[in-house]
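Per-chain residue numbering starts at 1, and chain names A, B, C and D are given in the order in which the chains are listed.
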Amino acid sequence: MSAQAAHKLMPDGSLADHYRAVRELSGALAAPLSDADATIQSMEDASPAKWHLAHTTWFFETFILADHLDGYTPFEADWPFLFNSYYESQGARHERCRRGMITRPTKDEILAYRAHVDEAMEPLIESGVRADLVALGCAHEQQHQELLLTDIKHALFQNPLGPAMFDKAAHAEPSERSEPHWIEHPGGIARIGHQAEGFAYDCEGPVHRILLEPFALRSTLVTNCEWDAFIADGGYENPLLWLSDGWGWVEDNAISAPLYWRDGEQFTHAGWQPRDPEAPVTHISLFEADAYARWAGYRLPTEGEWEAIARGQDAADAPAAFDPAAGNQLDRAAAPASQGGSELFGDCWQWTRSAYSPYPRFKPAEGAVGEYNGKFMSGQFVLKGASCATARGHSRASYRNFFYPHQRWQFTGLRLAKDI
Amino acid sequence: MSAQAAHKLMPDGSLADHYRAVRELSGALAAPLSDADATIQSMEDASPAKWHLAHTTWFFETFILADHLDGYTPFEADWPFLFNSYYESQGARHERCRRGMITRPTKDEILAYRAHVDEAMEPLIESGVRADLVALGCAHEQQHQELLLTDIKHALFQNPLGPAMFDKAAHAEPSERSEPHWIEHPGGIARIGHQAEGFAYDCEGPVHRILLEPFALRSTLVTNCEWDAFIADGGYENPLLWLSDGWGWVEDNAISAPLYWRDGEQFTHAGWQPRDPEAPVTHISLFEADAYARWAGYRLPTEGEWEAIARGQDAADAPAAFDPAAGNQLDRAAAPASQGGSELFGDCWQWTRSAYSPYPRFKPAEGAVGEYNGKFMSGQFVLKGASCATARGHSRASYRNFFYPHQRWQFTGLRLAKDI
Amino acid sequence: MSAQAAHKLMPDGSLADHYRAVRELSGALAAPLSDADATIQSMEDASPAKWHLAHTTWFFETFILADHLDGYTPFEADWPFLFNSYYESQGARHERCRRGMITRPTKDEILAYRAHVDEAMEPLIESGVRADLVALGCAHEQQHQELLLTDIKHALFQNPLGPAMFDKAAHAEPSERSEPHWIEHPGGIARIGHQAEGFAYDCEGPVHRILLEPFALRSTLVTNCEWDAFIADGGYENPLLWLSDGWGWVEDNAISAPLYWRDGEQFTHAGWQPRDPEAPVTHISLFEADAYARWAGYRLPTEGEWEAIARGQDAADAPAAFDPAAGNQLDRAAAPASQGGSELFGDCWQWTRSAYSPYPRFKPAEGAVGEYNGKFMSGQFVLKGASCATARGHSRASYRNFFYPHQRWQFTGLRLAKDI
Amino acid sequence: MSAQAAHKLMPDGSLADHYRAVRELSGALAAPLSDADATIQSMEDASPAKWHLAHTTWFFETFILADHLDGYTPFEADWPFLFNSYYESQGARHERCRRGMITRPTKDEILAYRAHVDEAMEPLIESGVRADLVALGCAHEQQHQELLLTDIKHALFQNPLGPAMFDKAAHAEPSERSEPHWIEHPGGIARIGHQAEGFAYDCEGPVHRILLEPFALRSTLVTNCEWDAFIADGGYENPLLWLSDGWGWVEDNAISAPLYWRDGEQFTHAGWQPRDPEAPVTHISLFEADAYARWAGYRLPTEGEWEAIARGQDAADAPAAFDPAAGNQLDRAAAPASQGGSELFGDCWQWTRSAYSPYPRFKPAEGAVGEYNGKFMSGQFVLKGASCATARGHSRASYRNFFYPHQRWQFTGLRLAKDI
């Protein structure tokens, strides 16, 4: 990829500016965390904040500096063993479930690692070397920014004292929501997948046609007070509403509400807060989303339906809401981000009924970074949109997020669909 | 459904004849088994043979006799608790993983239960009552016939003595295989799903259109000797060939060959037998099938591609091979059944890359039997075709079998696909 | 050991008679069981009845016939792999937790194995060869007779239909119990361990002196109605009554009553039966026995205290109650066996507070059979006495039975002790 | 207990001085740890360093200040939930296995908690209130000092970088060991248990007589190079050397050496260090100690034998070696502490073959602190002596340490015994 093409990846500025902004945001997100906060791991699915800071740096060091900067000296010879996530081609690595045991290096040492790599990266970026990998590394880091936020939320939630990493929102007024209506689509052939300039992951392509039957999506997401009605009606007690695996999950884990709920409160990055009834429900699993939709007499959208509606609304690159200076906006309806009145981006990821599978003629990216998306194509479901924790600029209509159907520590919610 | 329509479900004869034939086949399959053989359960996925005999009978008793035969007296009041599989609407039930603890009732007592229900069912069928449910019950029992065979195979395999339930094939000559070629399809819109007369499960419909890109399927299944080459090339040791979940499964379970393999032998219903190099490989997981395809430079077909090819070959109702008088044909290439030279039906189920999901506008069957297919639509993959253990008449192009990607105690194999 | 000495092992008759009687009793105990009943395994601690029949036979074949009968042909070359329990010196063996998978050999085939070995053994016994090992093998088989009874009880209990292997006791009248009193002991030095003629296990010796403080044991065992009072007083809900490991076990397993209890009934070899309030409580763990004693203001006896009292009562060889023709006596107070009014033998095994440890100067038996008792000396507790399921002639004051503190599928109960 | 009596508890100075010294040592031990180091928990058996600092403080606050200091205000109302260990009488508590999730309060906040409690405690101690509980609290804290050291060692060991908390010993010269000889004891009646003035735990009493057979203990502990010979002779591969539970543990955990060994090194508080061949082997389980003794032709001592020898040597209050200014002395033979040439105290805890059981007429301490020792009397084994990590003044001949037979993260070793 030429430097010129790389610039096209970043429509709003130079790639170097983009790199710098992304890297700074990671540091800013971790700023409220103590070394101990940044060290612990609350479950195997989550990683320590410190690990996110280091792993994203390892990505640039391993896939760019090591190969493309003559004479680059790795910061520490034995750190790659710690900070490789899952790239089998990059050798052995520390067991995922033991990431929370790494008290050394400290957070400060990892920030020094970041500075070391940034210093080496910046002239390389200016020179135009492997702009594609730089853009990929930035997108990768943006993904980890969201994970850093959701992982630390889960970690702090383990503490019975309910600590906060951001101040309580001073102005947490109840959301004002528009009345829901149905956004209809007549069906027919739609073009799906990444088709514009700018960066996208390999799994978002190639662009291809799909056949849709007529359908409609609701203009608004399901809210907390709607979810209260589901609970009140025994939704968590009626196996006929649930997928078989979902009911097993409910019973094995004694599930009776979304994650982070207690009484009228929910746990947030600002500690325990009153729950806004009109805000979109979040932290639900695919199983819960699916059961709710069945209870309500509707269904989940497919990923194709969602994307067709999103493209119709010209929302292909709608910005997500996250602003590190406004941490108190996390965990609530991020109304300003819901452009067009349809809450596609910036509130929460929306479960679809589509399994995460390869698109027709999908080819993984070449080289070691091809171990990025394709290897996860079993057992997971696609989520569309973007959440309040998604980095600005890291959302687009073709984006395919994916998680296992029981996972719910991300900001996950649902939008209803129906046949027409 | 009228009796007339019911006859259409069974093109080859009356529904009563069909019922009788299906019920007799179950008894015949279990005939070589002792009471103890028919009692044990080798893993949670499998059920005792006795349980299959009773559960299929419970289905007729519960969904037809109890509702539609005045004055019907259940055979034993406390047996439904034992023989309900998973129908939440039908009340509490014995824990699935404890089915192997039921030594009483004995096999003979369960055969008496079968006779009791058959006696009540037969006049009811003649009268035309709920022919749709009768047909469903017969299809359901045919599914359990295949499970009975695969479950007892797994149970006998646990025994270090390697016992046989059928005699060794006298004539187990090596298969003669046709040369593989590629069956091409130009792409475009195809009609998929059940669209003929005759019985089908709810999940096979509704018929709908899909868009296909040009592709080709190989005319023959992957064989044992091809699989030997995969092993010899380190296929089970190279993580880059595997889905991430698949590699985890390989490592956690120390997988290094298909199930039932040792040295040059494989375990069959006739005990340990030499492996036929030219026979299709069976007892592989989706993970293994996918890794093999990647290693070979191809991919798995989608379910739509497979069905489009099968319909093009007018094989919609190709018979599967199983004949209870020829148990020794199990576990090997059932060549006569592979009509048209393309081995679509009767050798083994063929994994597709398609997750088991609802078709557009899918509606579960009404009533309690609606808990039949839809509730399993997460985490599983579709298999197409039919195996050597599939009952004759229980295969069709629209059939959607489904299992989890790690499961391999069914007769599962693979057919390669490629883009063209 | 000379034949003369061997006779001393069997005071009531010849060793050959003893052998024959023991072997016949095993067959008689298994007679009410179907092949399927005798095949299943309900938990890892328990073994199939068929396995007990075969394993006890394997013991004679392996440790006597193979070494001492010229030209002996093993019944089946591959059966030892199945029927070795844990003798590491005897090579590899079938996994313990998979014993329930062995449908073949059938029960009848195992009875033929028994007959084959008996035919070879009997002349060998008459010739006086290794009478010590013959006596050991008989004692070993008597142990397995008790296990066969407790294991099959546990297996049948898994069945929601509550099947019976013996007829219901026609005359199950409530027990009449003598009033409890305290049997006092002045303390001092006592001689403990096997010290008479006759057979004993290696772990019962050597005889040695111990120092006792003054104490008393209650003359009667704790009864079902006493246990009811413990439950009514919240005994299972008060952690302060329990050992730490015991409370963990209560919580993890939601324990709230002895094993086999429901409402006013208990599960027996004759199915569900009303519970006799005056009968000794059975099927309790060490944890429960210990908690009860603490609740009652007393404690458990040590094994030395128990033996000192038993010797004082000259009960060294008190017969236990089991009579295969009276299966309906199982599971209830076996009053006739409780000689001397102190219920030492024949009701239930009595937990002591003594860990199962080696006696001073303990030496395991020589040779392969030395892997018999010593290797279990960690984590287990000693039980004294004998239960209603203990074979007649297989009880004595020096006997040391041992189980883990959570185990309770044996006929286990408790006798209270106190300091005086 | 009067203030006068309390002084007797502390022969070397006032109770207030003792309290102050103990409290200061805890702080000194934690000084080299970062907040993150002090936060993590490497396994359920271990606790975070921060938790030890807080829990020992909670003990004084809960059992002394809350009851005996009018108007005492708890430092933080919701911290007791976090820092109660297992006292059921003190209400609900944070799950043990989740202690590593508590990043807040920080280490500094816990040090402030310590200062707050110390300030309240000191005048109370001077006034003589509940000197018995003060002494108990100090002993309790000394136990936790040793746990803090062994737990943080285990935590740092999880880190592939092998971090150190103390500097490497500058002078780590190979130990010089005296030649082993046998210390003989003629047997007879010995008085065992706490019988002097000064503090002891409830489980060390009451003093009582036991009967001993003649025996001998080796004068030196088993060394690293002796252990190398055991490994070289296949000690970890021969099941006949092991207790049955021990062999299961070896196989399940692929054990092939003591904990913290690799090649010629061992992990220490100063990171990976060469192993001193003449130093006592440490970090072995009871299972390993027992197997070694059997392999060597000897046995483990009983706790009574060990104590009888120790009393004979008048070592009842031999000081252990730990000096916080000499952290580099940890993990090696602490030769100066091995008084009398018999290495009884100050090298490592010595496994005995005695299960941890109540002494005759044992009564737990009254009140809430009675939940201290007695509730652990199942499944554990007694260790005698003291290790290099035991606080000075916290060792005596009557001390009964106890762990499960598979545990080995303490400084555990073995001394051989034999019958004579």
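Assume contacts are C-beta pairs under 8 Å (C-beta built on N, C-alpha and C of every residue); 3 or more make two chains touch, one makes a residue touch a chain.
These figures come from a predicted structure and were not determined experimentally.
Chains that touch both chain A and chain C: B, D. Chain centres here are Cα means. That of chain B falls 60 Å from that of chain D.
Put simply, the C-alpha centre of chain A and that of chain B have 38 angstrom between them. Remark: chain B and chain C have CA centroids separated by 47 Å (rounded to whole angstrom). The chain pairs satisfying the stated touch condition come to A-B, A-D, B-C, C-D. Those residues of chain B whose C-beta lies close enough to touch chain C in the complex are 34-40, 42, 78, 81-82, 94, 98, 100-107, 155-156, 158-161, 163. Within the complex, the chain C residues that touch chain D are 86, 88-89, 189, 208-211, 213, 239-240, 242-247, 286-287, 290, 353-355, 357-358, 360-361, 371, 375-379, 381, 405, 419.
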